[in-house]
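Pasting the structures in now, so scroll down.
One chain, chain A, appears in both complexes that follow, with chain B as partner in the first and chain C in the second.
Here is the complex of A and B:
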C-alpha cells in the first residue's frame, strides 16, 4: 500500500478538502445571522428577497467566468471595464445608430468575445502574467467607453434603450421578467403585497423572476457541468494546475486558456446586457470594481488564486454570501461604509482557510 | 468553520457598534445619494440629516453606492423601499436608471422627495412630493455670465465626476453663457488629487490662452488651486468653482478664487427630513419645489460663510 492513488482517505478529510465546504457553511451562517438581526426589517419580504437575489445573481454571472478562468490559472481584471464597454456599445448601436436591439446585442457579444480572444492570445503569445495584460485592458476599455459615449452623445450616460428595446425578442431574454402569472397568483392569495398607489396600483410588488436570475442559474449549471462532467473540464484543471505537465500529456493548454478568457468576456457581456436592458441606459462608469468583486466571490467560494483548484458551485455560493452581506448590512441599519471592512475581513479569512486546505491536500508545510 | 465564526463576530461588531440610533418618535427615513465614498462634499448633507434627525426626533440613514455606479444606486433605492421607511429622500442622478425604482417606491405608498441632481419636471414625473435642489445648467450658465462679463474667452472645465450627466451640463451651461463650444475645454479629471493637479497643469501649458477655470466641486477645486499656485497663476487666472469647503473659502478670501457657487446643500439634507416628518405627523407638505441654490459666495460675503465651510455650508 505505498501507492498514494489507492491510499484510504477518511470521509471527514474528503469532506474537508471539497472547495465548496467553506462557502456552504458560510452561506448558512450568513443567512442565520441576518435572519436573527434583520429578520423583521423587510429583508425577507418578497421584494427584499428579490433585492438581494438580483444582486447575488449579478455577482454570480461574472463569478462563473472568473472562476473557470482562475481554475485555468489566469485572471481577468478587465471584466468591470468590459461591462461598461459592452453596455455603451449596445446603447450607441441601438439608440444612436438605429440598429435593432437584437443586432446591437449580438454585435456587443461578438466584440466582447473578440476582446476576450485578444486578452487570451496576448497572455499566451507574450507569456506575460494575465494580471498585467488584463490590467492594461482595464484602462483601455474604460477609456474607450468614456471616449465613445462623449463622442456620440456628449454625455457619459446614453439613455433611451428602454424605448427601442420594447417588444424586442432578444432584449426580453436579458431584461424580461418571467413567471408573472405565478406571482400575480401569489399576490391574489396574499403571499405578496400589491402596490397601493400610482399607475401600477393593484399589481404585485414583485412581478416575477428577472431573466438576470435565470441567466445566473443557467451559467452556474453550465459551468458546473463543464468543469466536473466533461473532458474539457479536466483540461481546465490541468492547464491551471501545471501547464507544462498538462502539455506533456496532450492538453491543448493555449486553446483552453483562450477559450476561458472568451467565456469570461461572454459573462461580462451577459451582465452588461441585462443591466442596459433593465435600466434602459448605458453609462461609462458601469461595472467599476466588478472585476475584483468577481474574484472575491470566487475566492470566498474556495478556488485557489494559483489555479488548478476550485468549484463553480463554490463561486456561486460566494456570490450569494457577497450579495446577502452587502444588501443585508443595509437592511440591518449598519453604517454602510463598514460594508467594505466586513468584506475585506471575509476575504482574508477565506484565503487563510483556502491556504490551509491546500496544505492539507499537498502535504506541504 | 473558523473563518465563518470570525466573520460572524466581525458582523456582530459592525452592526451592534455602529447601527444608527433608534429614536423615540419612531419615524425612519432613508437618504440615497449617488456620490461615491470619496466625495467629501456630501459630508455637509450627512451633517444636515443628523441635525434634522435630532431636532425632529427621527432616524435618517444615509446610503450611497461606494463607487458611484448608478446601477448599484438603483438597487439601493429598491432596497430602501423594501425596508419600508416612512419616507425616502433620493437624488435623480440619472432619470433612466432611477425612474423604475423610484416610481416603484412611490407606488408602494412611500413618500419620496428628490434632492440635488435632476430637474423639477423629472421629480414630478416620478411622482415625488417635491424637489429640493439647484438647476445645474442654469447654475453653470450663471457662472459663465459672471466670468464672461469679466472677460473670459477660453476656459477650462475641471470635471472630476464625468460620468454624472449633471456635471457635464454645468460645463455646457458655462460654455453657452460665454457663447463658445464646449469642445475639449472640459477634461475628465478623475478623483485623485495628484492626477487632477497634473492634468490641469498640463492643460494650461498646452493651452496658454486659457483665461478662466471652472471647477465642479472641492474634489477638483483644491488640486486646481494647487496647480495654479505652482505655476504662479493663482490670482491672475479667473477661477470659479461649484460648492464650498474650508480651502475654497480661504482661496476666495485670498483673492485666488473669484467665487464659489453655493447650492446650499445643508438645505437639501435638512428640509426634506423636516418636510417628511411633518407629512408623517400632520399631513402637510409645501406645494412648490424648493430652489436651494445657486447663490454666489464672493469676497464680500465670505466672512459669514467661512466659519462653517465643510460642515454646514
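Here is the complex of A and C:
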C-alpha cells in the first residue's frame, strides 16, 4: 500500500536535497564570482591557490570540531581562546622552559583535552546551556593566556619557537611541507613557475602541500566517516536531536557530548600548533573570534543551530567559502572592511536556503 | 489462562505529601491487550512510569514471571523485556527511520580495525519489520519527520517488538491521531498481541479501548476501580467509572449521545 498523496521523488531531487546543497551551491557561486572579478589577479595562480587553500584549511580544522559538537547539540565559544592558550603553552614550555618541542606539543594537547573535558562535564553536570559555560571559558582562558605570557616574558608575543623546532619530528607533523618531489616535478613540466633569482632560484614557487592542509583533509574525512557511518555518529545525531528520547533507548548522551567537547578542543589545539610552528612564535591574541568563524562555517554548511542535523562535508565547504571570500576580496583589491559585510550577507542567505532545504528533507511545515 | 508476564500488587507512590497512587494492582498476560483507562490526573502516567522503571514504588510489589523484581532504571525494565512507547518521546524527527529504529543498538560490520554501521542489514530489517506491521515505506532512509503520527508510533512499536519486548506499554498512542491513523495503530496493537506479547494500552478513550482490549482496568484518583473482561462491561459503564460519578451520565443524557 502506498499513499497516493506522496509524490514520487525524482532521483535528481533526492540527490539535491542533502544538507550540503546550500554550501555546494555557495562554493560554486563564490568561485564563479572571483573567477570573473579576480581571474587575472593571481588568485588562481599556484601561489594564489596555496594562499586561500591554507586559509580555508585553517577554518576547516576548527569547523570539523564545531560541526560535530553542534550536531551533538552544544556550542563551544572557548575555541578561539583555547587556540591562544595552547600556543602560549607550547612556546613557554619549549622556549622558556627548555622542553623538547614534541613534549611541549603533547603537553598542550593534554591540557586542551582536559579543558574540553571540563567544559563538557560542567555543561552536563550543571545542566546550564553550553553557550554560558563556554563563554566563561572564553574569558578565563584568554585572561590566563595573557597573564602567563606576561609573567614569563613580559610581553604578549613569545618568539624563538622556530629555532627550537628546527629538527623536531612532531613539529614537522604540524608545520612541515610534504609532496615536495611531486611539486618539483610540476615545476619541471611547467605547471608551476620556478624562482628565477635569489637563494631559492630554481625551486618551485610552491614547494609542496603544507601539513596544515593535510590535517584539514584528515580531520574532515575522519569527521565525515565518524558521523555518517558509525554507531557513535548515530549517537551524535541522537544526542543533539532529542537527548531525552536518546537516553530512553540507552544512548550514553553525557559521554557523547563530553567526547565532542574534547574533540573540539583537540581541533583547536591542532590549529594552534600549526600556527605556532609556522609563525615560529605564539601570541596572546591568537585565535580571536575563531569560535564564531567556526560556527559560521558550520551553519553555512547546513547544520542546525539547535543540533541533531548537519554535515561535516558541508562545514568543510563552508570553510572553503570563508577562505576564498576572505582572500578573494584581498586579491580583487576590494576594501578589506567589506569582507565582514560580505560574510554577514552570505551567512544570512545560507541560513535561509538551508532552512528551506531542511524542510524539504524532513517534511516539516 | 497462563500466568501473568508482569504483575503489580498494591502499588503505592507518594511524592512528598501527594499520594499519586494509593494501591494499584494490575497484571498482563501473554497475548492479551490490557487497557488502562483513566481521566487526566487519575495516575496513569505515574503508574506506567513505575512499571517501566522511571519511578520506584513507595510500597507494593512487582513480579515478573512470578518472581519479585525491583527496577533501578528504565534500562533494568528494558532488560526484563518491558518496553515503553511514549507518546511524544518516541522518535527523533530529523533522523531517518533506520537511524531511529536502531538507535542505541546499531548493527555493525567490521572493516579492518574499524567498525561501521551495517546499513544494508539495518535498512532491510527496518523495511521488513515495518511491512510486517502493515506500513510500506518508500525508503528506510527517509526522515521520521516525513511520517504521520500513526506511522511514527508504529516505528516505535516495531522497534520494541523487534528487540524482544515481552510486555509493550503504549502511553496514549492514539490521543493525538486522526480516525484513519488511530485505526492503523489499533490494528498494529492487534498484530503485536497475536505474536504473544502482552500489551498495556493506556488511553482515556473508551471507544479505542473497546476496539482492541481483552481486559479493562479503570484508574481513578490513584486507585483501581476494578478490572473487567471483554464482554462483561458496556462502554457507558467504563465511561462512568472513569469520570468517577454520575455527573457525566447526566451530561450524556442531555447531550443525547456518547462521548
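Details
Criterion: the second predicted complex is superposed on the first by the 337 of 365 C-alpha atoms of A that agree within 3 Å, B and C clash if a C-alpha of one lies under 4 Å from a C-alpha of the other, contacts with A are read in each partner's own complex, and residues count from 1 in each chain.
Convention: a contact is a pair of C-beta atoms (placed from the backbone, for glycine too) under 8 Å apart; a residue touches a chain by one contact, two chains touch by 3 or more.
Since the structure is predicted, the reported quantities are computational estimates derived from the model, not experimental observations.
A simple residue count on chain A separates chain B from chain C, and the partner touching more is B.
Touch criterion met: A:199 reaches chain B, while chain C stays clear of it.
By the document's definition of touching, of the two partners only chain B reaches A:289; chain C does not.
Applying the stated contact rule after C-alpha superposition, one finds that A:37 touches chain B and leaves chain C untouched. By the touch criterion defined above, A:129 lies against neither chain B nor chain C after alignment on the C-alpha atoms of chain A. Common to the chain B and chain C interfaces on chain A is no residue. Remark: chain B residues 1-8, 10-12, 14-15, 18-20, 37, 61-64, 66-71, 74-76, 78-84, 94-97, 100, 103-104, 106-109, 127, 162-165, 168, 172, 182, 188 touch chain A in the complex. The touching residues of chain C, when paired with chain A in their complex, are 74-75, 78, 84, 86, 89-95, 99, 102-106, 108, 114-117, 134, 136, 138, 143, 145-147. Contacts from chain A toward chain C in the complex involve residues 1-2, 6, 9, 225, 229-231, 233-235, 237-238, 241-242, 244-246, 248-251, 304, 308-309, 358, 361-364. Only residues 22, 25-26, 29-30, 33, 37, 41-43, 45, 47-48, 50-51, 54-55, 146, 150, 154-157, 159-162, 193, 195-201, 205, 275, 278-281, 283-289, 325, 327, 329-342, 345-346, 349-350, 352-353 of chain A touch chain B when the two sit together in their complex.
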